[in-house]
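Next come two complexes, and both contain chain A; in the first it sits with chain B, in the second with chain C.
The block that comes next holds the complex of A and B.
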């Protein structure tokens, strides 16, 4: 329908945007990561991989990030499975989409405002005050791993439910009925039919959550008070405080490389799960 | 399972409900609810810093929405008429724009724009011999709009491509049979067909840009957007005024998202 020349013309603004906001910035970051910090901060031309060796000095941040992201993504999935399955297989018609919409809606509201809600709820006058009033003793939630984990799960649960809904929705009801007719109970059907068939979806959801979580800065900053130190915190400190752009860029590129590895592994595992699903 | 789903619902909505309720609290300290009042809204909306941040956010979100709807629609239509290779390359780059974490896009935009700015300033100084060139460019609304337009455009392309896949090819043939030229078919058949998706994509872009924090944190310079302003204030502690600002932000994004999703569904119902 479209003439090739017309199509090229229509794509032109898209190319300009990608060059200006994606390719240009990423290449600049790569170049700067090979440079040196200028005496007054910023960047000085150089060509070395020194910064990537110094990335190891931030290994605590990497370890923290990997641990809390792996844990947070796992909890998100475990909490999302029953809800997504309930919406996909037990609700019908317009109720189903209304409920799904209500679950996803928080994802389209302000991250800062939602994280602030937990800052408020876990802060001195929130939950700790309630618990003390009941007589359970003194508690402190803010600035702990627990608070960061809660914030992470809260923020990313909607997207987990949405992705798992899609995975469960694809499984035909006839397969569940067939399993039932063959004498398998609901629980057994769930574990021997639904989970294996949804495995590729579970894997892609887990890896996406892991990738999203490991780029977090806001949640560890507000709910962890900067004491729970993520790679995101390290990057912001390096850029906006010590103004060590080359090291900051090297940390960012290491973070991205880690994410690419995770995405790649996820592809391999999904393919394996697909094959297993077909045989089983 | 039903009970657990209900529990998750409470988990998702309760903390937000708490700040909404406390934003209307008359008491000066937040330990108890003593009565309804709008005093914190009055206080928040008479704070010049908050108002400046709100204005900033609205202007940025509007511009990002317009820019990304225009570019995104053009790209989505253009992709129908290109080779397979071009389509895959453009689509993957757009997906990359959505997938690269905000913190990386933020710092990459910071270093890229400052390099570009100092390069352009040096060029101006050299060519025009102008001493003041060193302060010609600075971070602010344009840099945030540019950076936000990336992921917003990627979203618009995705939403419109989805809609274009539902376009019945026989309509294009019918248009051709009725002696409409290619341009006329594009303008009178394809464009009207994707209008609901354009509106939905634009509104979602507005919401995403309005709420975006980490990229704006890096490239907004000395003019914070509302999320950046709020972040800086929260670090000094929770206040009733912040409850009012948070409630206002949530209200704006919920209203716009609801309208956006109703357009998405209307588009689907007609197809």
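The block that comes next holds the complex of A and C.
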């Protein structure tokens, strides 16, 4: 056993790294958000909360973000549920782990490269060209909500599948058989046993996806082409285009607060679901 | 079996016979040539047997003998590769578990952790298939809660209950649906020893009271012997013997059954005896009539209680072997004595303490062994 003093000493480098890379920038951001834009751009010392009042000028970005995150997370979960359930309850042994490996396989390619692939696939010479050639008419996918939704689902579906796999895997086969034995078929069993018992997992998956999605920047930029404007894009523009660091920081802090609220609500809901479902 | 009630109709006892026949049709089970393979592994091999309605039947055997697969074939969690399964005269082998009039008590109990005791028990009565009116559900569940001594626990979470209470919830959840057959998968496995005996008595009374067929799987032969009307002994996917506890104990059909049901001193013969007699360590035994047609005797043996020990060489009439006592185990009313016999290896003797009162056997003593000819079992398999 290590002496407590020694143990604390060993924790120091970790804390130092955390302070340097997370807490430090966070405080810097907070300080900047309370400052004023210098005439030539950047930051000038001040102490006011008017930047937070101006955050509302970016309410479209907020609304877009919340809508597409909420929608994207929901679609990801709905698409992931059958896949995750199938892997967890119908595949056995090595097949199961091969399929799980295939699910995470896209992560072996760079996220940017994968999003660019969609950029070309949905672009003028991609899918629309094919559809027109078949004679289905003219379509435009790029720079629409649809393209952003596709990109989001594609990027975050594997995470949803993995998390839901864990949630479903923990439900014993004997419970499903007991439900079957007591006169309930597969569908009825799914809704009366699987969903209630997986509820904590469903909630945590949904909130994680929501948080990850609301921080998204690359997908709306590439596939939404400025038409679908996320908070991430707003922050980048504020810092790099209009060089309004204080407002950018205020928007960033607001986004983070929103995520914290979501995480907090998720905790509460999970605890409520747990109280009903033992699992945990 | 199906035609029995009609065939018996008209006589003075017709109503009684009809009820009995009806029950036979209702809750009997039949396996006809059932084989179940998992890939290249044959879990159950050409199984045929009948289970009488309203009886308590145990399926016993060592782990991996196919007893659990057999049970899952009855419940509908597995489907036969070949063969037919009948419940109450109708074929069910293609029916899903939720369509069969059978309920099961799982080894793990498999209670739903998100539901309280009441909702667990009401689960079957609220299924889309068998939905009953709310008032009826309430009445039936409450009645069974009373019967199973769970009053006051209705709204407890199931994981707050003790092991014994959880088992009673599992039982209640199954029998509230009035199944034709109740299946019990190793019902005592999770209970401590003292509770086990109480539960055994309770199960027996419950079965008599409900009159429904109980099929229990267990690896514990004592449990099977004490509870069942009939026992199916399985080994390596096949049936070794079906019989009453008394038949299995006193007339085991094979070496396996003899050793599995109760203790047994088995003496393998060096070469199979094809003639009418068997030579066992210098002692000549006549092969009994009922074994004569079965082929060569490959082993003989006897129960521990058939083995008598004496310090002096027996007089004329009793053939004796000599052995050394290696262990003396005092069991309260009985004593078990383990012996090392040069001609037959390790043997076990069991005797009433009262009968041994005048003689004290000690470890290391050399004794003479006596077994009556009629106490020998002969085995051809």
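As a convention for this text, the second predicted complex is superposed on the first by the 270 of 280 C-alpha atoms of A that agree within 3 Å, B and C clash if a C-alpha of one lies under 4 Å from a C-alpha of the other, contacts with A are read in each partner's own complex, and residues count from 1 in each chain.
Following the convention adopted for this analysis, a contact is a pair of C-beta atoms (placed from the backbone, for glycine too) under 8 Å apart; a residue touches a chain by one contact, two chains touch by 3 or more.
Computed from a prediction, not measured in an experiment: that's the story for all the values here.
Partners chain B and chain C, once the complexes are superposed on chain A, both fit on it without clashing. Shared-chain residue A:211: touches chain B; no touch with chain C. Contacts of A:32 after superposition: chain B is touched, whereas chain C is not reached. Once chain A of one complex is fitted onto chain A of the other, the partner contacts of A:259 are limited to chain B, with no touch recorded for chain C. Touch criterion met: A:196 reaches chain C, while chain B stays clear of it. By the touch criterion defined above, A:172 lies against chain C but remains apart from chain B after alignment on the C-alpha atoms of chain A. Touch criterion met: A:125 reaches chain B, while chain C stays clear of it. Once the two structures are superposed, chain B and chain C can be ranked by residues of chain A touched, with B on top.
Superposing the two structures on chain A brings chain B to within 19 Å of chain C, judged by their nearest Cα atoms. Common to the chain B and chain C contact sets on chain A is no residue at all.
Note for the complex: chain A touches chain C at residues 172, 174-175, 177-185, 188, 192-193, 196-197, 276-279.
Of all the residues in chain B, the ones that touch chain A in their complex are 1-2, 4-5, 8-9, 11-13, 15-16, 18-19, 22, 29-31, 70-72, 74-75, 77-82, 86, 90, 93-94, 96-97, 99-105, 107-113, 115-116, 146-147, 149-150, 153, 157, 172, 182, 185-186, 190, 204, 207-208, 210-211, 213-214, 217-218, 227, 230-231, 234-235, 238, 242-243, 246-247, 249-250, 253-254, 257-258, 261, 265. Listed in rising order, the residues of chain A touching chain B in the complex are 1-4, 6-11, 13-14, 17-18, 20-26, 28-29, 32, 43, 79, 82-83, 85-87, 90, 97, 101-103, 105-106, 108-114, 116-121, 123, 125-126, 129, 154, 157-158, 161, 211-212, 214-215, 217-218, 221-222, 232, 235-236, 239-240, 245, 248-249, 252, 255-256, 259, 263. Of all residues in chain C, only 75-77, 96-98, 102-104, 106-108, 110-114, 123-124, 127-130, 157, 159, 173-174, 177 touch chain A in the complex they form.
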